[in-house]
Amino acid sequence: MKGLKLVIIGGGSSYTPELMEGIIERQSILNTSEVVLVDIAGGKEKLHIIKELTERMVGKCGFDIKISATMDRREALAGADYVITQFRVGGLEARSSDEKIPLRYNTVGQETTGPGGFAKALRTVPVILEIAEEMEELCPDAWLINFTNPSGIVTEAVNTYSSIRCIGLCNVPINMERHLSEQLNVPADRLYCEFAGLNHLSWITKVYVDGVNKTDALFEEALFKENIMKNIPSVNGSREVVNILKLIPSPYLDYYFFEKEMVKEEQESLNNGKGTRADKVKEVEKELFELYKDPALNIKPVQLSERGGSLYSEAALSLIQSIHTNDGRIHVLNVRNNGAISDLTEDSVIETNCIVNKSGAHPVAAGKLPEAVRSLVISVKQYEKYTIQAAVNGDRAAGFKALLNHPLVHGADTAQALLEEIIEANKTYLPNFFRGR
Amino acid sequence: MKGLKLVIIGGGSSYTPELMEGIIERQSILNTSEVVLVDIAGGKEKLHIIKELTERMVGKCGFDIKISATMDRREALAGADYVITQFRVGGLEARSSDEKIPLRYNTVGQETTGPGGFAKALRTVPVILEIAEEMEELCPDAWLINFTNPSGIVTEAVNTYSSIRCIGLCNVPINMERHLSEQLNVPADRLYCEFAGLNHLSWITKVYVDGVNKTDALFEEALFKENIMKNIPSVNGSREVVNILKLIPSPYLDYYFFEKEMVKEEQESLNNGKGTRADKVKEVEKELFELYKDPALNIKPVQLSERGGSLYSEAALSLIQSIHTNDGRIHVLNVRNNGAISDLTEDSVIETNCIVNKSGAHPVAAGKLPEAVRSLVISVKQYEKYTIQAAVNGDRAAGFKALLNHPLVHGADTAQALLEEIIEANKTYLPNFFRGR
Amino acid sequence: MKGLKLVIIGGGSSYTPELMEGIIERQSILNTSEVVLVDIAGGKEKLHIIKELTERMVGKCGFDIKISATMDRREALAGADYVITQFRVGGLEARSSDEKIPLRYNTVGQETTGPGGFAKALRTVPVILEIAEEMEELCPDAWLINFTNPSGIVTEAVNTYSSIRCIGLCNVPINMERHLSEQLNVPADRLYCEFAGLNHLSWITKVYVDGVNKTDALFEEALFKENIMKNIPSVNGSREVVNILKLIPSPYLDYYFFEKEMVKEEQESLNNGKGTRADKVKEVEKELFELYKDPALNIKPVQLSERGGSLYSEAALSLIQSIHTNDGRIHVLNVRNNGAISDLTEDSVIETNCIVNKSGAHPVAAGKLPEAVRSLVISVKQYEKYTIQAAVNGDRAAGFKALLNHPLVHGADTAQALLEEIIEANKTYLPNFFRGR
Amino acid sequence: MKGLKLVIIGGGSSYTPELMEGIIERQSILNTSEVVLVDIAGGKEKLHIIKELTERMVGKCGFDIKISATMDRREALAGADYVITQFRVGGLEARSSDEKIPLRYNTVGQETTGPGGFAKALRTVPVILEIAEEMEELCPDAWLINFTNPSGIVTEAVNTYSSIRCIGLCNVPINMERHLSEQLNVPADRLYCEFAGLNHLSWITKVYVDGVNKTDALFEEALFKENIMKNIPSVNGSREVVNILKLIPSPYLDYYFFEKEMVKEEQESLNNGKGTRADKVKEVEKELFELYKDPALNIKPVQLSERGGSLYSEAALSLIQSIHTNDGRIHVLNVRNNGAISDLTEDSVIETNCIVNKSGAHPVAAGKLPEAVRSLVISVKQYEKYTIQAAVNGDRAAGFKALLNHPLVHGADTAQALLEEIIEANKTYLPNFFRGR
């Protein structure tokens, strides 16, 4: 039987060795025969470094996996079985802009949450739709495993405008579950967590230990938080909120629940010359690529874990494994709602527990959202829908309505000003907004 | 046939002469035989002034309407046909506190919208429920016409906890309609407006002129805004927002759409020693009562129109007329949703077009909320529901969730701090929060 | 000011004098200047008789209303203000077939309810859509007042496929209300009834007398039924059902609640040579037209009331009056749901209380359907939607699903057989089903 | 570790050896240490026969599983891990009555579908609630695996009135899946079917082969039906219906889709002296118990497969295995909807795909019901809800509304007559209906 062909778009990313490690670990199950790393011209050098490192990683294990690197996406996609997208339109420069612009409006400056995520979505949606269109032609039965943020928006865009089967992934849920397992000192296989919400806006709504619903019991003890995600600073007070809501939030909820503190911290970091997260990542990346160049390195270096992508490979490859082997296991994924969350339309992409087999990912019914956070989720989903509309059609009114609906953008005047500044700052990447002008 | 008995709770208010004028104007239709003005001990002097003035007003017209004033609410309620509530728990002092506390958190300081409205609701809900309970005993078939703000929350509280038939009123919709009529230069009887939303959070969603839907056409021309409401400062930019949304908002929407500017203006006013709206109202009131004392005054003085209650009497008395005469006319009211707005639960109180006859107010189906403001309305309704829960049960967790859901409160930390400061500042009026401590 | 132009399609119907009487009675309000009677070639003689009679009726009153008769529908429609449709595709012959075919399957044989109504809808929908299309061209602002049965289905078809403003009418609700008024010995203006359901499948769900909800009280006494509708035989037991359901049903509900008895009665009538209702109507019509020919007759003859269309004119003309005079009165009409009944989609045509003004008919929110009849209404609405689909597209599968969903058709085999026999029997009128064969 | 304690209520049933076989087969996984067979006094002899046979079955395998038989239910329940209910209130005599009464009204005479199922539910619900109440006291953490029909109604009753975790089982879905697997010649593990509906009213709505959606493709070929269920006669025409609906129905749908034919067949069988299904089962049972008595018999005899319970043991024990081993596998079960089917309330019990682990069964989101059968499912669910209400409260009006809503009961008069005859015939088992008379 022919082995799997995996295509990694954004293959020159520093994360690729993590993915490669997962591919190698599962070689007996997945039988991968080819991995194609795709990147753009600007990433040529990094792509080369990654190709060589991953070849050494494969070589060390003695597996027969062909690694290739290309800037010709169409060539790469032809005949693919799985396409993993982890590209970043505009690179870290654009991310830096996404993080800084909002801060000028005393608004959260974050790459996926708030106006920064909006900007990223505007740049990313047109590209993912190009990829999906090429896949329809070149590998119509392949699965698109999307990691590119904002993952929920990107996945909903593909679902809405393409026939390609797309599943949105994020490493946050798997980290939340692991963290809870550690805090409770209960191995993961004795734990069953129900997730509900949107990408970077989800909660563990129920926790079962050995089949017994322990959700209420949990909140009598201090158990949650502290450094779940390396890339998100945590704030004091989280525990209290959690105890009142009786929900375990994604760490990204800090941007909503502790908005002022988060903004202040970001502004201080910027003003103190420490820069934003993008600046830190640039440094980390630089160091990582120095390491990656070392011809003696033939494993994923431990320093990669500083980068923030913990369990990233686990999330992606265990998903591919479930599809490939038809194992029916549960993953927390971004998929079409189909009624799983009653408060959202059927076509909304949500983040929740899904069973996965060869036919894809099927969300488990989650019922109604917890009342205390229901309106927050509805607001953000409305923002997401308008954002997709804005990105696809270059529609300023939709863009305005997107930001107006976002709970972290306060007021129509701010929405208007942010919109204009974001479009201007990203004009190279937003041809849809300048067509026919 | 026995004439009507009207009871005005908060009868010592400076607004009462406005109401009295409406009662007198409609004497041939309503045949009012008795008006009882009720107030608390602290308002005794004002009550006396109002009683004398309104007696002179009646006397001037030669009608046989008995005016009485009392601090014994039960005595007043016995046998009432209509009970109009316009009381203010804590008086203008409390209002001043409601307006100032939020400003310390860079949050809108307004008596009905945002944390100020929350504080007012906490004080008011227990009192309105006491009144409703007394009415169940003393005048179970009487109608409760509520003007006390926040009118939507207060009405929903009565609907939820009492069998008394209660209709919530506000003078904003009638002013919006009149204003539009002037702007379009179309007499009101050739205009049909559809309203949808919540109290102080509603929109004209459709405008018909001579039966033709002119909604889209309206937004091609500049037509809206400037001084609809005397008590709400308007801001630049409103027109642009309106043109994108294609909805005519209540002026209170400025607090959401131009939050920063509104907060800044309020803070500046406070810092410049001009005080808040409550301070201005105190002055106006003082002057009004000076006027009212004049034994020669036997009409509503024109200066009352400065007070901000334009068409207040028209709204109340035309409603009573529709009930009393069974005329089936349309009023914009705060009533149980009953499915009129599909996005809200059946038991939510909404503000929308209603037909009114002897059997009460029946909302006209409004369908789905306009998509661009749907999540805003859902969020505020969630806030309202938690607020009622907090007020009735003295439930701090519900109070926290109320503020957490309010789109003008940013973050859990702010919600928590506001909650504690509001409860502390209002402790005299919030026994439910201190019971059993 | 130019007077109104009314067009009556199916003008040669024996009902027209009834309509004419209403037009004459309201001449001071409506100021009708022209009535155009339209019919097809086969109805030429009747059309002529009606024209002459109505001219005599107008002449008697001395009004300046021009009556014309034509078989050129386009000519008639040009410049119309109101178009009243009361045509019957296939005439009474087709009705007779609609009544007889179902009886062969032990199924209700009725012109609007059950398979007979399905057949009638298949014939009628394409014709009403032709009319609506002509109106879009020739009188786009005119109102289409539809009486042609099945009125709900016909109205939903126009709403779905045309921009013409269409309101569906039926004389059943007004008769139910009058009947209740008599039974309760309470004048209509002291009564307020809430209706909910579909055409020929609706209920009075609430009854207020002098504003007081008397719904429950009503069912303690025997008050309902006996000969509300001349054209529907009533059965024993109705009262008991009504008392359990605490709902006052349209008399057409007898076909659902007493199906076997109704079928038996119809079959016996047919077997005893008495024929179906169509046969009786044919005789009545024959006699009526004999009367109509009398050159001395210049009023609506009393014998018309035997025909079954009681208050038909009142329903139509009072509706036109409300639109024309913008009076905002309540009528029970067939209109787009718009959320008024929560259990049905927004685009479903329902029968319920509406306020009517120049902008049209706006349904009052009715909330959830009574639980005991909810599934019945949902089933019939599903049947209606499939029926429209079948009629418009000549879609046999949709026709099968329509009958399969109808609560009076028992089983897929019966549905299939009925479908084929109905299509065959009506093939002259169903070109959509034979296109491209 | 202590082995499992299984309690089988209705242990004297001829099905028990089937269950026992499953228990034995899974001994290495489940480690059952005790099986308690419970029955009532009237079943004492059968219980004894079963006990001895199952002991021989265990003995043959040499396992250490203690079998006990008792008529003391409380004693049996104490400390149970799983309680399997397969009792039949009133035995086959009552079933015979359930099958015969409806036929007198030309209505389907079936033990679970239609008025027969209604009668069975009235007898069964009070008993299952007694059991659940005892479990709350004696084994509150045990799982109730219910096979007693009508399984959906019985499960919803337990969910509504008890805290016991209850899962409703049926062997139809597993048989449908196996049958499809055979017809398609595709092994079960390459097939993924989505089920939606209610017990004995469900459909396979989607079929995936090797992960590819083949649903539409299936209906181009003849593939479905013929003898899926031994106990349901199949009729001609099924295939055609299936092809139009593009849904694979439970064989019980024949009672809805081919009602007349099914009734005719049942009536003929009865009139020809062949009796009803109950009569056939009585004979089969008699023969089975003769076999069971044979002291040489130590396996489940092949003749049991004639009884109609194919894969009954597989369904029950594989479910217990998933709970016990926390394996997360998919089963088609009767569970609380929780939003999985958008058209039904969250608390409705539905039959659909569920993932099962130690925490229980979680339905996979099924979205909206297929439009063509949506109203049928809604009607039957309404019937089910009224039936539970009738059974629990002895409420005749609810019973009437139940039958009025049932698509197989035609008319209020029939509903009324059936209700009275059913209550009379079952009065021994319906104390709730005669309390306080």
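Letters A, B, C and D mark the chains as written, and numbering starts fresh at 1 in each.
Going forward, contacts are C-beta pairs under 8 Å (C-beta built on N, C-alpha and C of every residue); 3 or more make two chains touch, one makes a residue touch a chain.
To keep track of the chains, here are their UniProt names: A, B, C, D = Glycoside hydrolase family 4.
From a predicted model like this one, the values you see are computed outputs, not experimental measurements.
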Legend entry - Both-way neighbours, i.e. chains that touch chain C (Glycoside hydrolase family 4) and touch chain B (Glycoside hydrolase family 4): none
Legend entry - Centre-to-centre distance between chain B (Glycoside hydrolase family 4) and chain A (Glycoside hydrolase family 4) (centres being mean Cα positions), rounded to whole Å: 46
Legend entry - chain A (Glycoside hydrolase family 4) and chain C (Glycoside hydrolase family 4): spacing of chain centres that average the CA atoms, whole Å: 57
Legend entry - Residues within chain D (Glycoside hydrolase family 4) bordering two or more other chains: none
Legend entry - Arrangement of touching chains [line / ring / star / complete / other]: ring
Inset, instruction - Return all touching chain pairs. - result: A-B, A-D, B-C, C-D
Inset, instruction - Spell out the part of chain A (Glycoside hydrolase family 4) that touches chain B (Glycoside hydrolase family 4) in their complex, as residue ranges. - result: 237, 240-241, 244-245, 256-261, 371-372, 374-376, 378-379, 382, 397, 400-401, 404-405, 407-408, 410-414, 416
Inset, instruction - Name, in rising order, each residue of chain D (Glycoside hydrolase family 4) that touches chain A (Glycoside hydrolase family 4) in their complex. - result: 141, 189-190, 192, 194, 208, 210-213, 323, 326, 328-330, 337-342, 346, 353, 355, 357-360, 362-368
